[in-house]
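Two complexes come next, and they have one chain in common, subunit A, joined by subunit B in the first and subunit C in the second.
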Partner chain A sequence: MSDPVSALNGAAFSGMASVTEGGLAGMITLRGDLSSAKLKDAVKSATGAAMPVSGKVELSEDGGLCWMSPDELLVLVRYEEVEAKLAEINAGLKGEHALAANVSDARAVFRVSGEGAREVLAKLCPVDMSVDAFVPGQFRRTRMAQVAAAFWLDHDETFHIVCFRSVADYVFTLLSTAAQPQSEVGVY
Partner chain B sequence: MLILECPYCGVKAEETELHAGGEAHLKRFGPGSSDDDFHDYLFMRENPKGVHFERWRHINGCGKWFHAARCTMTLEVFGTYSAQTYEPPQDIRDAISAKRPDWSWREFK
Partner chain C sequence: MSTRLANQGRLIDRSKPIEFTFNGNRMTGYEGDTLASALLANDQMMVGRSFKYHRPRGLVASGAEEPNALVGLGNGNRFEPNQRVTTTELFAGLSAQSQNHWPSLEFDVGAINTHLSRFLPAGFYYKMFMYPKAFWKHVYEPIIRHSAGLGKAPDKELKDADQYEHFYFFADVVIVGGGVAGLQAAKAAAATGAKVLVLEQTNTWGGRAPVDGGSIDDTDPQAWIEKTLAELAAMDNVTLRTRCMGSGVYDHGYVLGYERLTDHTPGEAGPRHRLWRIRAKQIVTATGAIERPLSFAGNDVPGVMLAGAMRDYVVNWGVTPGKRVVVVTNNDDAYRTAITLHKAGVEVTRILDARPAGGGALMEEARQLGIRVEPGRAIAKVTGGKRVAKVAICAQDGEGGAQEEIAADAVAMSGGWSPVVHLWSHCGGKLIWDEAQAHFRPDASRPPLGADGSGFVIAAGSANGAMDLGGVMADASAAGSAAAEAAGFAAKTGTAAVASDSDEVPMQPIWLMPAKADIKLRMKTWLDYQNDVKVSDVQLAAREGYESVEHTKRYTTLGMATDQGKLSNINGLAVLADTLGSEIPQVGTTTFRPPYTPISMGAIGGEARGEIFQPVRKTPMHGWHDANGADWEPVGHWRRAYAFVRSNESVEEAVAREVTNTRKNLGLLDASTLGKLIVKGADAGRFMDMMYTNMMSNLKVGKCRYGLMCSENGFLIDDGVVARIDEDTWLCHTTTGGAERIHGHMEEWLQTEWWDWKVYVANVTEQLAQVAVVGPNARKVLEKLGGMDVSKEALPFMEWRDGKIGEFDCRAYRISFSGELSYEIAVPASQGMAFWTALLEAGQEFGVMPYGTECLHILRAEKGFIMIGDETDGTVIPQDLGLSWAISKKKEDFLGKRAQLRSHMADPDRWQLVGLETVDGSVLPDGAYATGNGLNANGQRNVIGRVTSTYHSPTMNKGIAMGLVHNGRKRTDEVIEFPGTDGTIYKAKIVDQVFYDKEGEKQNV
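Entry: the complex of A and B
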């Protein structure tokens, strides 16, 4: 059995904000009718999280649901449990027009926290990062400089970023460059 | 800078999060149509100075296609609306009429 490793093996940088590669994370992409009771039940029983509304994430003890588009969810689970959870979701979706796929190894995750975290993201994404506009529980798909990325803010003012594994190094370099000490723009 | 609100996810997306998809409400003429219809479908496009209707895709976002009505001269946006329609909805037409009473675009006014 091979040992799974995350894209950057927990690389970290500390400047005006701390940037950490988040390690292995279980992720399932689910497309289907988000208003269907069957689908809601399936993801609720797999993650313990409720169905998020547009632009939000719902987190539970060790999972979560991110609203990706009107017909797509990103299901967050523990990496070790992803295959079991996928089977559970598929069983719950029997007869439903939906598709669930394990995308864990196609992704990388980062955490950005600290006083300058909002500034770091604001330098890289065309998103209003002010305290009033971007609140905990918010989930946003956007671009980070030249690549697609998505992130949410938890209740401890930590941003969680998801990107493709193939651009993990690029994203880590972006984040650590944007987080250089004394590089505050001073907007947020 | 052009900012369009995606009607599917509600994000006010700046131009770099979007992908331009060309003219809106084209009627496709494919196999079996006349040469003239096929030619017009392939090549003839509006190029207005003023009110224009376009398709856009929220590519760095929810991924959905949608429609936008805007002014090519001032970049004023009159509104965005669903892709699941053959013509601009009444509320969009009313919003344009409020600002440009004499507007017309193809067969729409």
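Entry: the complex of A and C
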């Protein structure tokens, strides 16, 4: 294997919030019956995380499970382990109707943190970013300006954004533009 | 003259003078001035000329309703036309130019139109420009283009210097308007715990109340405003925004807020405008009311102003528009202006009250101050060119005779007040006619309805028709509580405010002054100032048969200017109703549409400009392409290299070089953008057979098959190579533009029709970087990199294998879209660039060159392969393209099968795909039509075919093309004609569409 390279190689911007490309992240798209015991066991053993309810992410030491739709999970694992975890999940799902695919390289991830983080996202996504409405552990698939994106908030007030790799440049410039100094809205 | 007063001016800071220019003249104002008040303080009453007659026009209003005073603001990349001076805050260095004048504001050639006005009646444009036909292009249009329009468009070479952004916000209750009604509604709503957002379009809170006076909770309005603001600001659940206009109300409680952040401090860092995109559970429109002008002759002469506006100028900015003022009214409110002017030391020559008995307590107050009040009197006409000079007075109940003429330099008029019902109406709120107030007000029983069938907008205060302070405050309290309750919060008591009612005599509707004004007067009586519509125009429209107010609006252009008839609407439809002999409610109003006042294009675009105007999708190798001469071509949101152009060659030469090299040596194509969809499940085979026209369920694991997809209407929508991955899994390649579309197509069928089939689809397009390694040396370069066996035996044509090439884990496909020996190698996207580099390095000795999409197109056209989007256009079926071999006859069903059996689809007269070769080797123009004999019903030549793809083939060294031709397959060797748009008639022979390697030997080695 050649050295894998993420879309923007860790690019960063700092303004009313900090924006950082998060490098390579292991991600598996899993489609199946989320209520199946077999599937729950498979993803729990692969990530250590419990099955999230709708609109949530369940995070573990080095992985997590994001609720994407009634029959889809985004499984977060360490990038180096993605193929092994994929095999593990597939083995666990033997005989079950499901589809698991490595999508790590199809994605780019960004972290947005700092006081202005909520407002930066509220400039780009039609989501209620108020402190009461968007709490740690929440996971949202949405639109970021003109592209699809998803994000969750961790317990350190950092937002983790997932988008398609091909639009990494666009999303980074969007986030940097929204985080321009002196563009604080002053509501969050 | 208009001038600054020694006293008054609650909003200005006289210790902070500000310099600005108007038409290049240096002027001075104060901090807190609007451009309007500062112009008046500098005796600049005339600020522009009207649209049609170029009549001198002055300030009429003091706020968003101003129709006349539009200027070009700023310079260079911050120039903006049509800026309303009444809503422009003064700042140091402001530079404004008046509009619609030539050569100058003071002397305007177009003003001659005013003397021709009897030749320019309503509907003039429609009547005049019908005949003769040729006049339109050569005479009328150039003249109209010169004289029409308001401000000048900004220089097209310059780009807006500022930044803009959007902001999404969610609230339980959004209150539009920060006057005392809005603040009181906010207080009542916020007390329940609801999340409240208050939007105020100006930079000050409280609206008109501090100007109009009265008392709220036993204190003066200003003190009450400050106290209430402080209370609201201290609450966590309240957000207050000034300079933020509630611009529109839309379905489902969607509200647009237009925030002007740096209009008053241009050049300051940060966004200039921010568009708030708000979701509200409930909306309270506390948008106030707008005063109506009175319709008398000369009511457009600069110096004639709304009475309320004149009061604003005195109280807010310490400016009087005149020294000798005549007040004319049909209601008590205008007496406040007279009293205010008098107390400020301005001479109020006369109060003309059109009501026979005059007014109430305020009239008495005015009389006691010594102001002469004349009930039952009216203005016959105002004279003066660029400034009010004389006012002719007559009886209201007459024709305008027996006039007394008095000298005056300003007229304050009041025709009553109309609630601002715009935001209530935007989403369907209905209105009722209030006979007593002679205005339309919101009908609370017919509000805009949300998804649940209940109302989501509540009007409050004077926007709801409450016309005195006591009524306003009570109504606002109720509205705020009701909104919070409707949003799911329990109402709280103890927040109501009590204000005194003033003792006013009812107004009397006056739609024409004097009541029986003759035609000479009516032709000088303006309804719509900006669009130059007069009483006589509306009357003419009615006589010509216009009954609908919507038609009359368009015929006369009443209310169609940038102010959208804020002043003219009610007066215009009252005149129409009167002329038609019907009641005003029967005539009705025109439709109110957002935005309330124009908002900037920048705000609408938000962050989407420059580099992020649109997303650009980039493959992992994009950077290399960019650094190596890529001539970019957009394909969907992707950018693909059209060709890799070297220095000292043209794009065409680069394409030819790439074609030749790929045929002779080795070419590399970045094919990462091709769609890759995984289809998996126990029913996947059955699903694949439905999706594709040909059989896919019997494809062997390890093999590939070219497939076609049709819509249920039978038309070809996509094509690509399908690979069988394992027993349950297929991988479908789609076109670059088709990946998301076909993914959605598959999901739609699975979710809506075949929801019980065990099939999942995943789009893994971007997971993989894919490189086409093409040409006689393709195998050599792969073998040099080492790894998996890519020999003909181990990896035959139309098969795939997983393995390793060099250090790269990959999936290798033996497929060819070029007719050459060809592999497509997919590697993880994160290693795509490294793989590309490895191929380039290893390929040096084999003559490697990257190639772009145009080379790809030529290679496929030489082989006669179709391209979705070239040979197809949504009306083409596979049978047209000679692809019947790819349509299964064994399958019971597939999408499009039934449609393709319909008579028109099976018609032998459908145009068929053929190859085309020009007789002289030239290139056929793209999209050209082939002409046949005779003419069609429109007198045009009959067409018998069209070009779908056309190129210069470097391999054949001649023009080659494909096209759809009537009876095409039977016409081989026939020469048909294609007239070009250049006047040339191109002649082409119908040939086999496969120009190169007809036997397909080269790809199968």
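Here is the rule we go by: the second predicted complex is superposed on the first by the 187 of 188 C-alpha atoms of A that agree within 3 Å, B and C clash if a C-alpha of one lies under 4 Å from a C-alpha of the other, contacts with A are read in each partner's own complex, and residues count from 1 in each chain.
Throughout what follows, a residue touches a chain if its C-beta (ideal position, glycine included) is under 8 Å from a C-beta of that chain, and two chains touch if they have at least 3 such contacts.
It should be emphasised that the depicted structure is a prediction, and the values quoted were computed from it without experimental measurement.
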item	value
Partner contacting more residues of subunit A (subunit B vs subunit C)	C
Contacts of A:Pro70 with subunit B and subunit C, given as first, second, both or neither	first
Touched partner set for A:Met51, first subunit B, second subunit C, both or neither	neither
Partner chain in contact with A:Arg165 - subunit B first, subunit C second, else both or neither	second
Contacts of A:Val187 with subunit B and subunit C, given as first, second, both or neither	second
Partner chain in contact with A:Ala11 - subunit B first, subunit C second, else both or neither	neither
Contacts of A:Pro126 with subunit B and subunit C, given as first, second, both or neither	both
First (subunit B), second (subunit C), both or neither touched by A:Arg140	first
Touching partner for A:Ala25 - first (subunit B), second (subunit C), both, neither	neither
Subunit B/subunit C common contact set on subunit A	126
Partner subunit A, residues of subunit C touching it in the complex	163, 165-170, 195, 239, 268-271, 274, 277, 279, 606-608, 611-612, 614-620, 637-638, 678, 680-682, 758, 760-762, 764-768, 807-809, 828-831, 833-835, 838
Residues of subunit A touching subunit C in the complex	1-7, 24, 29, 31-32, 71, 97-99, 101-107, 119, 122-130, 133, 145-147, 164-170, 173-174, 177-178, 180-183, 185, 187
Of all residues in subunit A, those that touch subunit B in their complex	54-55, 68-70, 72, 126, 140-143, 148
Subunit B to subunit A touching residues, read off their complex	8-11, 13-14, 16-17, 60-64
